[in-house]
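Below: the structure, in structure tokens.
Letters A, B and C name the chains as they come in the text, with residue numbers starting at 1 for each one.
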Amino acid sequence: MQVSFSAAQITEIAQPKVTRGSTHETIVAIASLADAAPGDLTFLGNAKYKGEVPGTRGSIVLLPSDYVGEPADGQLFLLVDNPSVVLARVCARIERELWPTPEPGVHPTAFVAAGAQISAGATIGPLCVVETGAIVGSRVHLQAQVFVGRNARIGDDSWLMPGVVVAAECEIGRRVRLQPGVIIGSDGFGYEFVKGRHEKVPQIGSVAIGDDVEIGANSTLDRARFSRTVVGEGTKIDNLVQVAHNVTIGRHCLLCSQVGISGSTALGDFVVLGGQAGTSGHLKIGNGVKAGGRAGITTDVKAGSFVNGNPAIPYMLERRIVVLQHRLPDLFKRVEALESQLADAKKTSS
Amino acid sequence: MQVSFSAAQITEIAQPKVTRGSTHETIVAIASLADAAPGDLTFLGNAKYKGEVPGTRGSIVLLPSDYVGEPADGQLFLLVDNPSVVLARVCARIERELWPTPEPGVHPTAFVAAGAQISAGATIGPLCVVETGAIVGSRVHLQAQVFVGRNARIGDDSWLMPGVVVAAECEIGRRVRLQPGVIIGSDGFGYEFVKGRHEKVPQIGSVAIGDDVEIGANSTLDRARFSRTVVGEGTKIDNLVQVAHNVTIGRHCLLCSQVGISGSTALGDFVVLGGQAGTSGHLKIGNGVKAGGRAGITTDVKAGSFVNGNPAIPYMLERRIVVLQHRLPDLFKRVEALESQLADAKKTSS
Amino acid sequence: MQVSFSAAQITEIAQPKVTRGSTHETIVAIASLADAAPGDLTFLGNAKYKGEVPGTRGSIVLLPSDYVGEPADGQLFLLVDNPSVVLARVCARIERELWPTPEPGVHPTAFVAAGAQISAGATIGPLCVVETGAIVGSRVHLQAQVFVGRNARIGDDSWLMPGVVVAAECEIGRRVRLQPGVIIGSDGFGYEFVKGRHEKVPQIGSVAIGDDVEIGANSTLDRARFSRTVVGEGTKIDNLVQVAHNVTIGRHCLLCSQVGISGSTALGDFVVLGGQAGTSGHLKIGNGVKAGGRAGITTDVKAGSFVNGNPAIPYMLERRIVVLQHRLPDLFKRVEALESQLADAKKTSS
């Protein structure tokens, strides 16, 4: 956060029931109770941190309306129904300053090919390229240096950040956010080994991204061989994630950073994959499956399962096996002891 | 696939020996027998799916010339020698529409520095940068927003997609495809620890990419310290792969997505590394080596080996050890049982 | 290296105490003693390779001043106090030719918004975008197609290579090198699950990169939720690394390629993480911690520890457990043998 608010402005946003104390500080940041310094707005979002309120150095403190303590000198308490909700209101206001609504229109340095359709309310930022046949919806923001290929379609209210590439024929839904450097529609990785060489299998499908999807920086989503690689509505994908050709991702999934989904694998809805996890190709991952970070999924996974490890197995089993692995040095000693005891017993008995 | 073909056009491409039935549908997609809907072209590429032909809803079906069934109403069967070969011909035709041959010439929004050499047949697309001393070969296509650095060379018939960076002095062979966001010639990661700081070791080498190489979206290949980082002819690299400085990759290798090759490691020819695999530095990986997904290669690997796991070991051994790991809970119980039996035996005997 | 030096030029840079022999070759590359060919400069940097000097085919050889052998025909020996130091001088000279100091000024194809401040000595290369409120320091080089967002600040003498994105409000220190495709200030990956959907948590913080940091190609660093994601002075980050929101990285750390640091994790100073390693979120990794390649850090790690494996444990323990895992087939056999011996013993005794 790099903006500044006066105490009066924060008070106006917060609409407190009660105020206690006062401050002359300009608010320049938000911080936790423990970390806050003068100039910070802080908040009691969780009752368990109540004990930190008296010691906080933040200039303005958002507190639940039943809070009983008094502010320090030069400190303003704002008592509200729900400090977290008020904080979210402040954040939304800051966000508007951080990312102001752009002026509609095509920047003079952008290149829009003849035959591209740009909605009147869209913003095509500096040094963007929009190829022929592309359709850019209302209030779409191509921020800067974005590429939109032939016949690609960008749904209303989507925001493509600097350096994003949406290759030919791909479709982006509404209210989609593509973070910088995202690549949609690179070729799938498909070859046939013919006479000692890898011959390219044409990749002539496309990618379809549903409404309300967000994709993180430098992630890559390949076009299908035929048909479409699909990301369902509301799914959120983190940075540096790989989605191979012909993958289908359901609705409202979460794919953490550096996850890799191999070709033709299908994820259900509400799937959550931890960072650096990966899947083999042609798998079915059911609805609501969860996988831990670095999990290596090599088989189909039933809906509702929680898996972990490499190869991934049920979470509780994996945890138990890891504990036993760490006890292997002990186990080897115990087996040696048994062997020598048995040898001794034989000697004795013979 | 987003193009449209009439039944007559498909028939012309397929050159069938026999046709059965007819359709008025325009073909707008290709799909498998099971997935096909009206408007789809489908095909029997593998005899084992023969049973799916009668139930397919595709409008045109490519079938081997000895196929005996009859089409449904509004369905056209094309009997050909090899349905897969005909399908490839259709795909190639679609690919030409998807990626039409660009007009040669330098786009007015591109910046080509004085002293760069652009072949007459090359296409320098919108908002590309070509620095001085660079040489761009015949029929090369720099699609859009591509960067070609000082003295870099791009071989004939290569295609660099949007956002590709080929840094100074690097060499790209002929018929190379660089998917969007590929970085060729970033600095190698080399430092010397001097007086409590990491001092940069100059990275003054380059990268040499052989003929017929393809590199996937957002992959990165570092320039050598001296000399060259090398990718051999015909090798195919998937998305988000890291190739460190002074690495040598042989001919006709396949590196799947998110693989990482550490500095100075040398891969032979026909090496195949599964997704998310990685190698330590300064290793020799022999010809024809295969490594499973997520393998962590920490030692030299002999030609022809198949390794798996982390650290990577021979594949069959790794599979066996994984099975035994999953039986550890049982093993611990068995050892406990032995211990108590032996303790009982001692008591009895004493 | 793609430059050329005459023997006279190399001699002038080397300032040798003694020269032996002579060469007419132009020096076009640097290579090791074993790999060098005519036209190469080579060097004896480590006494253990002394035996390779007589066989080297390099045209010029840098040798310590006490070296006694004679050059081959057409070979020039330069005897100097410290061949490695002289080599570094040659490399620095080559680097200047590889990356010549750019002319200050704004390229006519760049877009600099009103309200951006560009220092007189800075170079804004072709097709760069600098948004309003941004401050670009002295001798900064935005090479080409770089994006600098609203109110971002780039410290003196920093170099941003092609395709780098520094999003709004982020701060880059002095003498920072950002390799091609680096993304600074993408949104953190934060959602709250509300009524069956992932609602975005506003990410309104920024990223602060310290002095003398270097970041590798296509790496991504997310902005904080509030406050700042921080990379300390002198830290070096390799390619395709992910640094999540609210992460704090100390000074003089090394993060190898494809490492992922999850949200709010704090690294101390002088931390070294091997390639493809990852950490869970909200951890504390102490000063001087080392982790092997592919380590999966899931708990806090004390200063000075060396950890390995997934989940990461102390290095020596992990090595021992791996050895024992590979002996599991043997262990299972031994336990079976014990069981059958004990069964036999019982039969005998009964």
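One rule holds in what follows: a residue touches a chain if its C-beta (ideal position, glycine included) is under 8 Å from a C-beta of that chain, and two chains touch if they have at least 3 such contacts.
All values derive from a computational prediction rather than experimental measurement.
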Original post:
If each chain is a node and each touching pair an edge, is that a line, ring, star, complete or other?
Top reply: complete
Original post:
When the CA atoms of chain A are placed over those of chain B, what is the turn angle between 0 and 180 degrees, to the nearest 5?
Top reply: 120
Subject >> Copy pair chain A, chain C: interface residue numbering same or different (half cut) >> reply: different
**OP:** With chain centres taken as the means of their Cα atoms, state the distance from chain A to chain C in Å.
**Re:** 25
Original post:
Among the residues of chain B, which ones contact at least 2 other chains?
Top reply: 109, 127, 145, 163, 181, 218, 240, 258, 276, 310, 325, 331, 335, 338, 342, 345
Subject >> Interface residues, chain C side, partner chain A - complex >> reply: 109, 111, 127, 129, 131, 145, 147, 149-151, 163, 165, 167-169, 181, 183, 186-187, 189, 191, 196-198, 200, 202, 204-206, 218, 220, 222, 226-227, 240, 242, 244, 258, 260, 262, 276, 278, 280, 296, 298, 310-311, 313, 317, 320-321, 324-325, 327, 331, 334-335, 338, 341-342, 345
Subject >> chain C-touching residues of chain A, taken from the complex the two chains share >> reply: 1-2, 29-31, 35, 88, 91-92, 94-95, 98-99, 107, 109, 125-127, 144-145, 161-163, 177, 179-181, 212, 214, 216-218, 234, 236, 238-240, 252, 254, 256-258, 275-276, 293-294, 310, 322, 325-326, 328-329, 331-332, 335, 338-339, 342, 345-346
